[in-house]
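Okay, handing you the structure first.
First chain written, first letter: the chains are A, B, C and D, and each begins at residue 1.
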Amino acid sequence: MTQIAIVGATLIDGNGGPPVPNAMILIDKGRIKAVGARNGSAPPEGAKVIEASGRYVIPGLINANVHLLDAWTMMIGVGTLEYLARFEGRLHEVIEEAAQVALAGGMTTVFDTYNALQPVLYARDRIASGKAVGARIFAAGNIVGMGGPFSADFSKASRNVATRAFCDRMDAMFEAGVGRRLAALPPEEVRSIIRGYLATGVDLLKFAISDHILAEAINPHLTFSARVQRVIAEETRAAGKPLLSHTTSLESLNDAITLGVDAMMHCTLTAQVPIPDDLIEEMIKKTVWGEIQPVTHDYQCHLERTGQFMAGYAGGFHKENTIRLIKAGAPILMGTDAGCTDPDVLADLPEGDRHERPWDLGKDHVLWFKAMGELGMKPMDMLLAATRNVARAYHKDEVIGTVEAGKFADLVVLDADPLVDTANYRRIHMVFKDGIAIDHQALPVKKVVTAYPRCEPA
Amino acid sequence: MTQIAIVGATLIDGNGGPPVPNAMILIDKGRIKAVGARNGSAPPEGAKVIEASGRYVIPGLINANVHLLDAWTMMIGVGTLEYLARFEGRLHEVIEEAAQVALAGGMTTVFDTYNALQPVLYARDRIASGKAVGARIFAAGNIVGMGGPFSADFSKASRNVATRAFCDRMDAMFEAGVGRRLAALPPEEVRSIIRGYLATGVDLLKFAISDHILAEAINPHLTFSARVQRVIAEETRAAGKPLLSHTTSLESLNDAITLGVDAMMHCTLTAQVPIPDDLIEEMIKKTVWGEIQPVTHDYQCHLERTGQFMAGYAGGFHKENTIRLIKAGAPILMGTDAGCTDPDVLADLPEGDRHERPWDLGKDHVLWFKAMGELGMKPMDMLLAATRNVARAYHKDEVIGTVEAGKFADLVVLDADPLVDTANYRRIHMVFKDGIAIDHQALPVKKVVTAYPRCEPA
Amino acid sequence: MTQIAIVGATLIDGNGGPPVPNAMILIDKGRIKAVGARNGSAPPEGAKVIEASGRYVIPGLINANVHLLDAWTMMIGVGTLEYLARFEGRLHEVIEEAAQVALAGGMTTVFDTYNALQPVLYARDRIASGKAVGARIFAAGNIVGMGGPFSADFSKASRNVATRAFCDRMDAMFEAGVGRRLAALPPEEVRSIIRGYLATGVDLLKFAISDHILAEAINPHLTFSARVQRVIAEETRAAGKPLLSHTTSLESLNDAITLGVDAMMHCTLTAQVPIPDDLIEEMIKKTVWGEIQPVTHDYQCHLERTGQFMAGYAGGFHKENTIRLIKAGAPILMGTDAGCTDPDVLADLPEGDRHERPWDLGKDHVLWFKAMGELGMKPMDMLLAATRNVARAYHKDEVIGTVEAGKFADLVVLDADPLVDTANYRRIHMVFKDGIAIDHQALPVKKVVTAYPRCEPA
Amino acid sequence: MTQIAIVGATLIDGNGGPPVPNAMILIDKGRIKAVGARNGSAPPEGAKVIEASGRYVIPGLINANVHLLDAWTMMIGVGTLEYLARFEGRLHEVIEEAAQVALAGGMTTVFDTYNALQPVLYARDRIASGKAVGARIFAAGNIVGMGGPFSADFSKASRNVATRAFCDRMDAMFEAGVGRRLAALPPEEVRSIIRGYLATGVDLLKFAISDHILAEAINPHLTFSARVQRVIAEETRAAGKPLLSHTTSLESLNDAITLGVDAMMHCTLTAQVPIPDDLIEEMIKKTVWGEIQPVTHDYQCHLERTGQFMAGYAGGFHKENTIRLIKAGAPILMGTDAGCTDPDVLADLPEGDRHERPWDLGKDHVLWFKAMGELGMKPMDMLLAATRNVARAYHKDEVIGTVEAGKFADLVVLDADPLVDTANYRRIHMVFKDGIAIDHQALPVKKVVTAYPRCEPA
């Protein structure tokens, strides 16, 4: 395997220090061998030299919260049945495609925090073993305590027109034994089930501290009692895996911080209740990472102008929460809940809903940077939120998150400075993953969700 | 006011001791003046003497859990809209009628643990002031944390065909400011709201530790965080009012016992999970009263044979829980969730569903006695569960619950011994409430729900 | 009974000739005894003289198409269940109230072309016998071939939350034996049923040539085969009663005209298909009266601007049809489908929906005049459409429709000339029905639908 | 191409005469060259000789009414959305598979009377050109006047959870321009549209005289006015194509016979009204072919015992109608509405529903024979109903329907006599279509609907 030397670029290494002009990054056997200011030194003999003067090298981006099967469609409940019926048996292909779309956008690693267990592990392993290209996947499978796509948590209404056979099969696959029933069980039974679930090979464990927000305008009920929450946390820690929370209310957020989970998904969604200062302080003190899902100012205005339910998603006190977390210097992660939404679902959206829509994988992170910038986050902090912070939150900072010797050679070479204008994250020149230059413009290799046949031959 | 002397009956005074044959009970100014074995002593001069030889006197029965507006209809969601539209503006009359139906069945006091606040307090006060006849009402109003009849907790589906104006008006009346929104609020906001609610004049406070069971097969989510639960308990105790729990899962039951509420409604409904022995022991140790809702063997067989969802209500582990609580000598209350169901709702039921249906106010307690007897409870224990125990649980034992001097003269004179056959509770000879002999066969005075006009004049 | 002489007013007698200034109308025993220019003659001795100089006398208005139980609510399906449950057993009172609201607006006669049979006949008879005040009612009962309020024709969705007992009872009452099942029966069976229905005492027979329009965007299917249509027409004619059609498509309109019905309700509603010229000519040649339901320009603009389904009701080709019928001089009737809509249903409407809403009984005809004037109908023609024409169409011109000697003394005295400004129809000075001056400002006598109790006493 | 001689079998040639023992059938270039009693003559030199002594040769069976996309699923509305989403873009493959399943069962020709136009024509042409194996298809495309799968005619409820984009696309494909909107149009517009539709290449035209039966218990409304019915008939005849009716009521059946259509689908379904004798007589006199859909006695008993809605399908007066048509000697066609139902839909059916279910293509005709035999039809008449009669009804008797010289060599060789026991139709030894011996046990070649992947790889 030939060494690669990227020379001449300005390096933003993901450690938060000042960018290094005219840097040299040496890649060997998929890892970064050396990195630093060039200082006139020449690339090693035999190395393939990539001239990158005038360009910018950043760590491969990491998304703390994606759903490579489109969770957004499951949430809204319209299109869910079509989506799953259309792709049944090929869901791993859908996931693989989404991982490629993410990679094409510069995300070299994604944390999938809700998905059908079996296909996501299958796709993860295919990518990890090099059988398929795509962003590196770490997967949680089901959100512990939540039901499948045709349960009360998602599109139960589909059951009015779907076969029971299909719905039950799908629900069983998604629930993977850790569905709603867990909420009814006593601590020691939950412990044993969680232990079994952790043994399936999931990389993370995410659990529903409160029920999710879309089924009802107000549904912040807690899935687990305090003592069962502790059991779940204990078992996850004993397995050495990151523990993630799903919360939708202030009380559930308070529980998450009290428990000291590793990362809190959409931590600013508190059913429109402001997060108190002392809770923010505790979050900082304990370094409980908070993934935040902002929307751009334009998108929020659109939602409000058209009187949509989703205006409450990142508006009002949810927006205020975000601003206050930024201002307080809280530990923030970039995450988006994004996936590859079915084109029919997109086609149904009113015109304005597609513009700056934050859930389109591949564009999601750029909108995240734009939105967080609008709310006051500094360019370098945003870059860290999408690189080093995620690696740390999920205990992967030994191998990813920064451009440092010894880590996986996951890099993005940009044509313009992302710290000057977040839109420059789109100006991708090259993407390296595991030291390999990705033909990112050829991704996805096989269009599955993004373009399926709609015509019969004539 | 003339004194009344009931002479010659066997007295079962509600204290659990052996029945007193040939007793005399002297009533004066609505209270019991003296009580005991007759021992040849004569009634006071001028007293109206009621000869009751061969009969049995028991304390006026107390139902720990009724809904004088029919909550069962709201639960099933069919008929709810008709019921509320038909009787809007007259709901207090519906409540008054139900209190009369209860009284006719020998219940001199009922604890209404879920109802529309304003009309139930109005009817309570009319009865308390003697403007209307009826069982004495103590009322909780809304279940704190639950939504109104057209919220997600009950018949939200009615909103598809009902006017928003009507639904919102009803929901606001039932929620009385302590609806689902509370679940999203932080402790101190909840505290202030609860304080205000306690000041409306409610006699008890009941709160939803978990969401209710019928909306979903499995929905045992917790309404409030542990710290908000504590705030609710603190405020209720500070107001000197009994605290009741609504639980539907083992974890919520555990929370109720840990909190030490006064009484737990339907405490055996644990989403079909057995209650562990140590929890039963703690319930006994702390004397946390448990209201239990059994069904008769015949009714359970019918539900199972016809494959009904409600077979899970008092069957399976719920039945096992009941048997074990009885055997362990746990503190048990008689309660039924009964009301006066709309005749159209009853007409829709398949034939077998009406036989031994446990939610028909006036007959409910007799079926309770039958069912609990079948499950092993002793006759005297059952009588205590429907008299003294309820009074104690709800802090009313100074005035009701037993036939003792100084207490309200609430008595039922039966034609046959209820300890020999629970069906004898039906053989009512006389009912006294506040020392007044009730014309129980003339109740209800005005038929509202029980018979409304169905024909147009021709 | 004292004679009444109305003197000095300008008389517009409903025959279409020039108004007669300074007229005298003599009323005796409920009928018009004499009418004409005053020419200096004095009222008879003893007559009560009503000085009306400067005022205008017109015949009592006649609405060719009302629904004294609010059919509009049944059509939209929201509020239907509440409405019927709230007023069950008192529907005749609702009808009586609506007849009073109509009378207060100057309508001395209304043709109710769809209603619950028993209560509408009961209210009709009470008014006819003088037991109650109100517009004179002629009633059709059910629309032959249509189902009840909870059938597929109206709010079948209510059955999801209503009791079957109630729905079946209501459907049976409305269908009165001539519901949807008729569409499945052969001619001679239909004949026998129709004969029986005509014998119930209905004044008119209206039948569904096509199914109604609101259930689906496109549902113009024909209820009866051509040969069954003929049977219905034969029997109705044999009974000497007016035959009315309900049509919603061009083909059904064509059938109505071919059959030669007496009057066609909402004849311009043709599923947005233009009525061909030759069909208009045949309508004129055969004098098949067409009731038309226009909306005002402002209301139509509002519907279109807010993108409402109802924009298709009186807009597009339906409006063109109306304009062409006016221009062609087709025989037109004033009718409105109006009733007294439940205040909760009205409260649900967006603001703009209540302004110039054409279905509010009492104001409906004034908006009709405004709308038809905007579309080119002449003031005198509009007055005839709301008086003489309706009387002729329904074979009642011997007694109503014009101010002529021998007819019922149904008159409206207006403060200003309705031929100059249709808004002047609102400026009612007096209303006479059967020669009696109505205290129109005191109507309705008892508020039932228009204001029901919404509050519980506190 | 080698000649084939089938020798020694008993020939039932489809003309109704006595079977010919020891027959010889000579096939050349896909056609029958000669046929008759062997009489000792030898097969031509070089011919491939198939020894069939002890076997029975019948004409290739013809099904007058199938739906190669499963119309039954569309009717019930459950599973429809999955089915169409799963196979979108491959519907022609589903159709091809179904044509192979039919062929494997001995049906060499099927008339598909409702299907998505484009894919059914595509599959038809692939089979006709020899690119694919399968039963010969003649196709009607849409039922004129009916909406697509997500219209009010079928599973409109799917639209609650499906994307509008997908539903509209499917509806447009199925409606092919001749959907529900036609019911609103005047005759000459319908004429022009029908002319265009006939020019698309459909082999037949089927139109909805009445709306279909499953959407409502009673929905026998007529789709078209009498004059539009005539226009449709005129145009279809002018194009020289068979005209088929869809009727669900007596009145629509009467219209079909009056119009003199070629064949009437499910002609005994009259909304449970008996067909009068004179109408049966006219059907016979005019030779209007009636396709009948009986069920077996066992299946009917099952439906009735389990109280299913479908018990009304072939029971009650529908059964009586069938018996009377058989007895009267009416012109009857074998047809079944069968298709290949999605295994998930089948899995949802209660156990007893799958036994003798009449809509499973490939077994459907054998159950038809059994059911019609039970109702009194003679074995030879049944064979003609499934061969010659269909060919005649659809004007294809020059080439198919009997085993006669000059016709296509479509034959089935059975192991036992089908006239003795209808179960023998299952004992298929060989199937010839167009003179080619089909490897019927290898069909379907590619499993699409009948077995799709349900598992993700692990």
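Just so it is clear, a contact is a pair of C-beta atoms (placed from the backbone, for glycine too) under 8 Å apart; a residue touches a chain by one contact, two chains touch by 3 or more.
Fair warning: this is a prediction, and the values are worked out from it, not measured in the lab.
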*Label of the chain whose CA centroid is most distant from the centroid of chain B*: D
_Where chain A and chain C are represented by their mean Cα positions, the distance between them in whole Å_ = 63
*Approximate Å spacing (C-alpha centroids) for the pair chain A, chain D*: 53
*Could you list which residues of chain A touch at least two other chains?*
none
*Write out all the pairs of touching chains, ordered by chain label.*
A-B, A-D, B-C, C-D
*Which of the residues in chain A come into contact with chain D in the complex?*
77-83, 85-86, 88-92, 116, 118-119, 122, 155, 157-158, 160-166, 169, 173, 342-345, 347-348, 452-458
*In the complex of these two chains, what residues of chain D are touching chain C?*
152, 180-181, 183-186, 211, 216, 218-228, 249-252, 254-255, 270-273, 276
